[in-house]
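Here it is: the structure, laid out below.
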Amino acid sequence: MTVLEDLAARLADLLRDDDRRVLLGEDVADGGMLGLSKDVVADEALRERALSTPLTPTVLAAHAAGLAMAGRHPIVVLPGVEALLEGLAGLRDAAAWSWRSDDGVSTPLCFIAPCGPGLGLGGAATEAVEAVLARVSGLNVLCAGQAEEAGAWLRAAVEHAASEGPTVLLLPRTLLLSAPRGPLAHDLGRSAAASHRVRDGGRVTVFAWGAALDVALDAVTQTGVDAAVVDVGCLAPLDLSTLQAEARATGRLVIVHAGPRAGGVGAELSAHFADAAILHLDAPVLRVTGADAPVRPSDEGDAIPTVARVAEAITRSASY
Amino acid sequence: METTPWDPEGAAALLDAEGRLVDGATLGSLDARAYYKQLVEARSLDLRLGRLGLPMWAPAAGEEAPLVAMARIADEAEWIFGGGRDAAIALARGMTPQELVFRVSGREGRDRPGHVSSTALKIGAGTDALAMHLAIAAGYAHGEDKGRAVFASCGEGSSTTAAFTETLALAASCTLPMVIVVRSQLWPNGAPAEAGVLGDSVADRARSCGLWARRVDGADPVAVHNTIASAAQRARQGRGPGVVDVVVTPQLHDPPAHRDPIERLRRFLDSRGEWSSTFEDVVEADIRSQLDNAVTALETASQSGGAS
Amino acid sequence: METTPWDPEGAAALLDAEGRLVDGATLGSLDARAYYKQLVEARSLDLRLGRLGLPMWAPAAGEEAPLVAMARIADEAEWIFGGGRDAAIALARGMTPQELVFRVSGREGRDRPGHVSSTALKIGAGTDALAMHLAIAAGYAHGEDKGRAVFASCGEGSSTTAAFTETLALAASCTLPMVIVVRSQLWPNGAPAEAGVLGDSVADRARSCGLWARRVDGADPVAVHNTIASAAQRARQGRGPGVVDVVVTPQLHDPPAHRDPIERLRRFLDSRGEWSSTFEDVVEADIRSQLDNAVTALETASQSGGAS
Amino acid sequence: MTVLEDLAARLADLLRDDDRRVLLGEDVADGGMLGLSKDVVADEALRERALSTPLTPTVLAAHAAGLAMAGRHPIVVLPGVEALLEGLAGLRDAAAWSWRSDDGVSTPLCFIAPCGPGLGLGGAATEAVEAVLARVSGLNVLCAGQAEEAGAWLRAAVEHAASEGPTVLLLPRTLLLSAPRGPLAHDLGRSAAASHRVRDGGRVTVFAWGAALDVALDAVTQTGVDAAVVDVGCLAPLDLSTLQAEARATGRLVIVHAGPRAGGVGAELSAHFADAAILHLDAPVLRVTGADAPVRPSDEGDAIPTVARVAEAITRSASY
C-alpha cells in the first residue's frame, strides 16, 4: 500500500467514525487530484459527504469555516498548501471567528495540504508557506515528517481541529510520493501539539520537520556525531517548553527545514533561543534551509537542504 | 407619478410613490404597522449611533427596509450575516438597545466598532476582509439543516469582489439555501468606479449565473419584504439560493420624500387610517429614551474605565 | 445536419458540420489555408509534447482554434497572455520548435513546465495563482498605448475564480482594450462542480457585466477567428473590452469527427479544392521533423546535464 | 501642514516630475480615503493619471503589475496594508514576474500602505502584516519611522521601485495622524535600503522601526542608558551588514517593533545574530513587541509596545 492509498483509506475511516465529518474540495467527488478521496467516493454511504465545489480559491477557507459553524467537521482536501495563500484573507477571518464571537463558537476545521517539491512544478512549492500560516492568529499548523506516520497525522489533525480549532496539516509531497521507511502507523501515539525526539544524542540537538526530517536523520548518520534529532511537528503554536529543554540538554542547536531561510519558522525558533537560552548555548544557532532565492521549477529540489549541507552544519556545531 | 433621476429603472415596487398598492398587489401576510414601527426604530437607532463618533461610521438611513425585513423573515433558528450599516438587524431581532450600543461601540464583544454579532441571536457580523462574511454564510448554508435558509447582506460596492462572485458560484453550483440581499445604493449623479456598477444591475449578474434574482425598489418596504420572503421560501423548500437586489436611497443625499421607505410606508398606513402622529410620537419617544439610556450607560461605563 | 449531445447550444458557427459556409456567411479576409496549416501544426505540437511526460501536462487537442486565432489576429506589438494548454500560441507567433520545446519542458526559462512565455514575442505565461494572468493582462491593457488590444485566455473552470470575475469588473469599469478568450470545454456527459458551469454560458455572465460578449463554436475555426477579430477591432478602436466564449471539444473524449476544428476546416478547404492529402502530408512531415529534432536536442542537452 | 497634507502635495509633485507615474486605487479619483490623492485630482494636468478601480481586492496587485509591465510607474494608494493580504497571491505573481521572464521585464510598482493602529478599527491593524510581505520573494518592504520623514519616504519608495522592482512603503497610522517632531523633510538623504542610526550610544543597541521607533527613543531617554537607536527602515531585504556592525559595537541588542512577537521581522533579525554574532553578544537578544494574542479593536493600541516595557528591556540588557 502506498502512502497515498493509505491516506485515502484513513480518510474514509474518519468519515465512517463521525458523521459530522465532510470532505470539501474542488474535485473530491471525483476522487481528488492525488486520489485522496477515492475510498470515500467508492463507499455509497459516504459519497454524499464528499462536497465538490467550483474553483473558488479566494473564499475556500471562509466557506469551510461556515460549514464548521453549522456543526460539520469539514476536512478540506487542497491541491496544495499554495491554495491557502489565495484564500489567506478568508482563512484569517475563519481562524479569528471563534475568538471574535465572544460567546464561543467552535470551528472544527481541518485543511489537508500537500506542500513542497515533488511534482516538478516549482513555484510556491519552493517556499515555506508554513511561515505565513504560522502567523495567522488562531490557526494551528501541523507538519508530518515521516512517511509512515502520514495516516496517523491525518487522524491526529482532524481530532486536533475538533478540540483546538482551525488546523492545517502539511504533508510534504516528497513524503506522499516516497516509500515509507517503516510499517504504516495509524495512531500518532503522542499529542499532535508536541514535538518528538526521533533520535537520541548528547552532543548536538537538531530540530527539523517535514521534508527535512529524513535529511537531518541521514546527515547525523553520515557525520557520526552523537546528535539528537527532534521532529518539531507542530509549527504553530510551537512546543517551546519541550524544545527549550532539548536545546539546553546539549547547548548546541542546528535547525533544519525546507524552503527559504529568511522569515521561516526556523527564525522564530532561533530567535526564541537567542533570548531565552543564549547563556546556555555553546555555539551559534545554525539554520540549514532550502535555497533563499527563487528557484527554477526544474531545480525545485533545491528547496530542501541536502544531506551534505546539514552534515556540515552538525559537524561545525559539534566542534565549537 | 412623476419620475426623477431618483427613481431606479427596472426595480419592482408594490407601493407607488404615494404609498398606494399598485394594481393587483397585496400585502400578503405582512403586518405593515409592526413593520413600520421597526423601521422607525431603525432610523432612530441610526441617527443616535451616528452621533457617537464611531470610527468610519457608515449611516444606514434610507437602507432600513432590507435590514428590518430580513430580521422579520428569518425565523429564530436561522442565521443572518450582516455586512455593514447593519445595526438595525440586531435591534429588529430583539437585542436590547443597551447591549446593542455597547457592542456597536466596541465596548462589549470583539467586533469592529460599527458591527454587531451575537451567537445567541444568530447574527454574524462583518469580517476583516470586505464581504468575506458572504462566504462564511455560504458555508453555513452548505452545512445547515434542511428546511432552513441562511441570510446574508452586503452593499453594491462589494458586488465586484471575489468574496461576492465566488460566493455566487458556490451558491449556484452547490444549490445552497441562501438569501443574498444586496443594498444597491442609488447614485443619481453617476456612480464612481468603486461603486461597482456594472451592466444593468446586480440582479442581472446573479441571474446570469443561473440564480433566482429579483431587483426591487428599496423605497418600497412592502416589495422589499415580500421579495425577500419569496427568496426565503424557495431556499427553505430546497429550491436553491436567491439574490434580492434592493435599490436603496441614502437619505444623506436629501432625496425627494417618496424615496424614503419610512415615509412611503407611512403614506400607505395613513391612507388606510392605520397611522397617526400620536402613534409615531409614541414609537419615537420610546426608542429614543431607550437609546438615550443606553448611551448614558455606555458613557458611565467608559468613564469608569476598563473593558467590560 | 444531425444534432448530438456534442453540439453546443447557443454557440455561433459560420461553417456547418460538413464544413460549408452557412447562409450569408463569408470568410472576410481570413486566409483559410494558412490558418489550416497552423492548426495542423498546433495539433502535431500538442501530440508531441504530450509524449514528453511533463508534470501535470494538459493536452490542447480540439482547443487549437482560439489559440491559433489569437496569434494570427494580434499584431506584433500586441501582447497575448495565455493561461494553460497554450503552447500553440508561441508556435503560431513564430517561436522556433526548438526554443518552444526547451521552454515548455522547463529546460529554458523559468516558467512552470507546460507554460511558455517570451518578452521578445510578447507572450505572457500562466501565473502561480490560477488565472491571475488575466489581471496582469488587464493592468497591461490599462497602461497600453491607444490603438492596441491585449489578448488573454483561460479555461471555463477559471471563470468562477476571483481572478476572472474581478478582471471582468476592471475591464468593464475602466473600459480596457482587452480581448478575453475563454475556452469552455464541452461536457457531453454533464459537468463536474469544478468545471464552473453556471447559468447558460460564460458569455452570458460577461454580458451581464455590460461587456460585449459572444459565444462561438470552437469546432468552427472560421467563426472563432472572425469573432476574436471583431473583439480585437473594437478594443483597438477604444470601444472597450470583449469576451469571446469558445465552446471547445477536447479530442481526448473521442467526439464525432465534425467536432474536430481541423477536420471541419479541412472539409471546407476540400469543398473548394484547396486541400489535398499531399498538402496535408507535407505540412505534417515538416512540423514533425522539426519537433523530432527539437526533442532530440532537448534529450542531448538533458544528458549533458546542467541548466542551459 | 499636517503629515497627510504634506503627503498629498508630495504625491502630486511625483506625478508632475515623471509622466509615466500613475495613481491607482479604489477612490483615488475622489481624493482617496485619507485624502492622499486630493492634490493630484485638484490639478487638471494630473487628474487623468488618477485611475480609480472598482473594489477588486484579489487582483489589485496583479493589475498594478500589468500597468508596470506596460511602462507605467503605478503608485497604488491602499486603504491599508491589509488590502495586500487579500491580494497576496497576485502580489506574489507580480513580485516574481521580473525574475520569471528571463529576459528582464521591469516592474516599477510602488504600494503606499497605511498600517497599524490609529483608526480604532483593530483587526489586521494589530498585526505585523510586514512579516508576511517580507517573505514575498522579489518584494521590497520599506517602513517610515518618523512623521517628519513621511514625504521623503514617499519619494524614496517610488524611486526605489523604479530601480529595484515592486516596493511596499508602510506608513504607520500613528505617524500619519501625529504632529511631526521636527520640520518636514523632502529628501531622505540616504538610501531607502539602508538602516539609519538616529541616536548614538555605546552600551546597548536598539533596533526599531515604524510606530515603535518613537517609543524606543522615548524609552532610551527615560532609562538614561547610553543606548544607540537604529531605524531599520528597510524590512526586506534587511540591511544586515550595517545592522551587524551596529549590534557588535555594543554586544547588547534589543529589537522593538509593533505587532505580535511570533514570526515577526524581529525574529529574522534576532535569528541572524544568534548565528552570525552569538559569540560577540554579551546579553540575550531581547524582543519587545506588541501583544502576541489577538487584541480587541478598542485595545488596538496594545499592538505597539509601551515606553515602559521597552525601557525595562533596555535596562535589563544594559545590566548583563
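Labels for the chains are A, B, C and D, by order of writing; each one numbers its residues from 1.
Here is the rule we use: a residue touches a chain if its C-beta (ideal position, glycine included) is under 8 Å from a C-beta of that chain, and two chains touch if they have at least 3 such contacts.
Computed from a predicted structure; not experimentally measured.
Shared contact partners of subunit C and subunit D, listed by label, are A, B. Spacing of subunit A relative to subunit C, judged by their CA centroids, is 39 angstrom. Spacing of subunit B relative to subunit C, judged by their CA centroids, is 45 angstrom. Subunit A and subunit D have Cα centroids lying 31 Å from one another. The set of subunit C residues touching two or more other chains comprises 110-111, 128-129, 160-162, 166, 169, 173-174, 193, 196, 198. Counting partners per residue, subunit A has 53-54, 56-58, 85-86, 89, 92, 96, 99-100, 124, 294 as the residues that reach two or more other chains. Judged by the touch criterion defined above, the protein chains are all mutually in contact, each touching every other.
Residues 26-27, 29-30, 52-58, 82, 85-86, 119-124, 294, 296-299 of subunit A are the ones that touch subunit C when the two sit in their complex.
Those residues of subunit B that touch subunit C in the shared complex are 160-162, 165-166, 168-169, 172-174, 193, 196-200, 204-205, 207-211. By the touch rule above, subunit A contacts subunit B in their complex via residues 22, 51, 53-54, 56-59, 62-72, 74, 89-90, 92-94, 96-97, 99-105. For subunit C in complex with subunit D, the residues that touch the partner chain are 108-111, 117-120, 125, 127-129, 132-144, 162-163, 166-167, 169-170, 173-174.
Within the complex formed with subunit A, the residues of subunit C that make contact are 55-56, 106-107, 110-113, 128-130, 157-158, 160-162, 192-196, 198, 307.
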